[in-house]
């Protein structure tokens, strides 16, 4: 559907991004060492784990409401790194999840970590727990655990919604070190207010590469940078182009769809300042605008905010 | 028996329960009390029960069982839907996931999980442009004014629709500046999220530090707007306890009626 | 293929009339075969495991990627007949989409048991071991059982055409009242309470973190306060009166200029030209991260899970 | 957490900076409770200054001709009563007074319908007891409830193309008590196309806009009543004209109520007395300021408290720094 709707642009766009990613992954696998800038929040992990080791209190890891998907698994990957550290010092861990499927993945990965560290018997199956898949029941449960177990370090990473602050503040109350990262941007400010270290936005995805220096991950991180630069470039170029077009190039023709075959015909009109729908960039992203001319496409019109995250 | 769900006494019982749990949960603000611990566990239990119920009544019954055994026609002359036996294959498939509890065969759990992951990943790739393409397009705003005659947008009160249309289509200096600020902000923040190059040039370091600063502006604004919702809910809760329950419904009960 | 594009009657290989013996036989056979395959899988050599998992993942994603890449008709209706192979594929992709999403939902649903199992494992364990908190764990288990029982009971009592309205008119004490009390009386309220508690936490978080320590903190504080002020009627009215007084009346240049400094307008400006672009930039970053992660997962080159 | 133990003597600055959590919580709890009770007893009104988006919403809703039909698409649950509930009640009141018929349904959660029903009942009681008493709003004659749609997106898609197909299957008890299709009801009998609906009002804390606007946005004036959290996002829709009106959470509800009280005169001034037909009249002599206004005083108090506490913290820091020097 989209294909038809936005012409070949989106196809090309995504393919280019994918190419960037894969190209860099291959490059990194070839053993080209790549630089990653410092991410403060992640350097704090060792400190946090060390502290809880001294205090002999558990490390708590919560991926928020993330379900089985890229975000949730990324979170669990980061947690597996933390667990490895904890396993080295024999520090107890707790992981609370809100999604049954993700729970099973986490269970697996954490068990593997303990095995690969050579201390399989240290792994306590009940340390990775499913709490509830109801948002606030989950919050209530985790708060209970935080306050009762007096966790010393708290990692909140993943899809966080309104419950983020409940947990962050409770952990703060008992003086736990907190490192947080939310993929839901509307929650980041609250984490910033309540936690010691916060990974903002993209740093969450950079984390696993940063921690494990895994060539695959580092490579794809470089690819991600290239992609961002590409987006920036597109925006800059098109902004310049649009400005010029808007200011200096008047619209001199009108398009319309006619006949059974819906043929596009153009007719000359007195020149006027281009309307939004007549600008090149608009035609590039929405080839079938102006909407007025073909109501059929209206329902498929892409929407700037076409995703349903209820920030509540 | 003719007792209906909105019977006054029953409503009062429900409200009382509500008031009790409200105050009970709030005790955790002081410290983790026994009351809270009790309510917390009750809450978790209820939630689990609810999930189990909804699992069948809202997901499996229609989406799985209904399709597997088919439906009889509600009205005569209406097609009944055939059952598709293949849906039963989901049982063994899902069953594989439950091997995580066995040490020997736990690898099998990764097959159904893998399928699910594949699906979510695929969907993410599929929806990607639909979600973000428009945002890219939306960030492209002209920055050269088309009408230098005045700085700000003229007020539109009492103008003909045509005149208003021209004003809307024009780009005035103030708007151009705003758009420029928009662009600058966007680029600064974007530059903050470049990980794999350490910026040598002063300009770039400035840019990314500005980016971080600008981010904080955005976060501050979010903080402000969110507060209203949160306080609104708290106030509503208090209203429920003090006014609706304590001041209105309790006396009514005491008076008996 | 037809398995995905689910057909309506008459019977096909994949479907049978509901209630018919044929259907039940088919279901049972399929189930047994399925279990057989699973048991077979349990004994395949180790080195085949990873390929199987990766293939499963790949296939799961491939359907959607294909759907994305394959040219598709603008407004497809089930009755249309494909003109060529390309179209037939695209039609199949579109007609089968509901089934695939349905498959996804059901499979995810069936995994809920894992979570419940973990929950019970912890809490029944406590009860058995007489852990100090065992009474609470018992509460949890009991309330879970009760909720489930009443949930199904209530649902069952409302089955069948018209039954719902009937029960609402004249509810039975146990199923309907029980469920109604558990759900609306307890669950909903508990939900609302937890939600409303956030206000307290915002309050203390703001108190602790909103200090003019660094430039960043200052900016954060400044914008937050600005927006908060714009939400307080009294302040808003006062501020704008002052501004209007300064600007003078009418639509003159000064007035329009000063108009920009009305609290609401300042807030809007910040939101439109600073907040939304900065948030959008974060979104771009996240989006690309998501794409990369999805790609790695789909191709099975993500260490943690695929290998 | 307060660390009195290890630091016995504290300077004023430190004290101001480390007010214990419990004290903070208690203050907030107290301030909210007291201000609520006060405003409920004395009916304290805080002045509010309706924003344009609220005014537009009011103008449209106020000028729907009597007997016409509109849609209320609710996502209001008990948990979100603090914002959406207020908006909902105000809207219902208004519609009932204008004798505008409405269709009510949800595709967020089944329970939303129940919540809406109880609100309607409450307002009916209000109308009965009002002086002069007003007629109650009756299901089937004045409004129909379509209940819960599991897949809102698809439903709206169908509504946009063929509304009778989308809702045709729904049944309701008419006043005589026998089941009939909703399109036989006085509410919907004249509705043939989606364009016949005079307004589409989603009242929900969750963000339904992408779905709604992209489907029915161009055929019906959509007026969103959203939670404060959603406002910045939805404001873009309003600016781009996809939304004809927008209410900003609790504040929006308050503004709506005050507009019902004051009205908008011919010059577009709120509560103005300009000559000529007002753009949107008020409802003189009726209970306009309701739940939202009750909450608003408490809300302002809480906000003020918050600002003060922030100030205290910063003053404390200043003092300490001065001491340090």
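Note that the chains take the letters A, B, C and D in the order they are written out, and that residue 1 is the start of every chain.
The rule is simple: a residue touches a chain if its C-beta (ideal position, glycine included) is under 8 Å from a C-beta of that chain, and two chains touch if they have at least 3 such contacts.
Since the structure is predicted, the reported quantities are computational estimates derived from the model, not experimental observations.
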Counting only C-beta pairs in contact, which pair of chains has the most of them? B-C
Which chain is most central here if centres come from C-alpha coordinates alone? B
Of all chains, the one whose CA centroid lies most distant from that of chain C is D
In whole angstrom, the CA-centroid distance of chain A from chain D equals 32
Between chain C and chain D, what's the gap in Å when you average each chain's C-alpha atoms? 25
Could you work out how far the Cα centre of chain B sits from that of chain D, in whole Å? 18
Rounded to the nearest Å, the gap separating the Cα centres of chain A and chain C is 15
Which chain A residues sit where two or more other chains touch them? 2, 14, 67-68, 70, 73, 101, 104-105, 107, 131-134, 136-137, 140, 148, 185-186, 188-190, 192-193, 200-202, 206, 221, 224, 228, 231, 303-304, 306-307, 311-312
In chain C, which residues are in touch with two or more of the other chains? 68, 108, 111-114, 116, 119, 133, 184, 189-192, 194-200, 202, 204, 206, 208, 210, 220-221, 225, 228, 231, 271-272, 275-276, 279, 282-285, 290-291, 293-295, 297, 305
Sites on chain D at which at least two other chains make contact: 21, 25, 28-29, 79-82, 205, 227-229, 232, 236, 251, 299, 302-303, 306
Where on chain A does chain B make contact in their complex? 2, 6, 9-10, 13-14, 34-37, 39, 67-70, 73, 101, 104-105, 107-108, 111, 131-134, 136-138, 140-141, 143-144, 147-148, 185-186, 188-190, 192-193, 200-203, 206, 210, 218, 221-222, 224-225, 228-229, 231-232, 234-236, 238-239, 242-247, 273, 275, 281-282, 284-286, 302-304, 306-307, 311-312
Quick check on the complex: what are the chain C residues that touch chain D? 162, 165, 184, 188-189, 191-192, 195-196, 199-200, 203-204, 206-208, 210-213, 221, 225, 228-229, 231-234, 236-237, 240, 264, 268, 271-272, 275-276
Within their complex, chain A touches chain C through residues 1-5, 11, 14, 17-18, 21-22, 25, 67-68, 70-71, 73-74, 76-77, 80, 97, 99-101, 103-105, 107, 109, 125-126, 128-134, 136-137, 139-140, 148, 162-163, 165-166, 168-170, 172, 183, 185, 188-190, 192-194, 200-202, 204-206, 208, 212, 214, 216-217, 220-221, 223-224, 227-228, 231, 296-297, 300
Chain D-facing residues of chain B, complex: 6, 26, 29-30, 58, 221-222, 225-229, 231-239, 242-243, 247
Touching residues on chain D, where the partner in the complex is chain C: 17, 19, 21, 24-25, 28-29, 46-49, 51, 77-79, 81-82, 111, 114, 173, 179, 228, 232, 235-236, 239, 251, 254, 296, 299-300, 302-307, 309-310, 312-314, 317
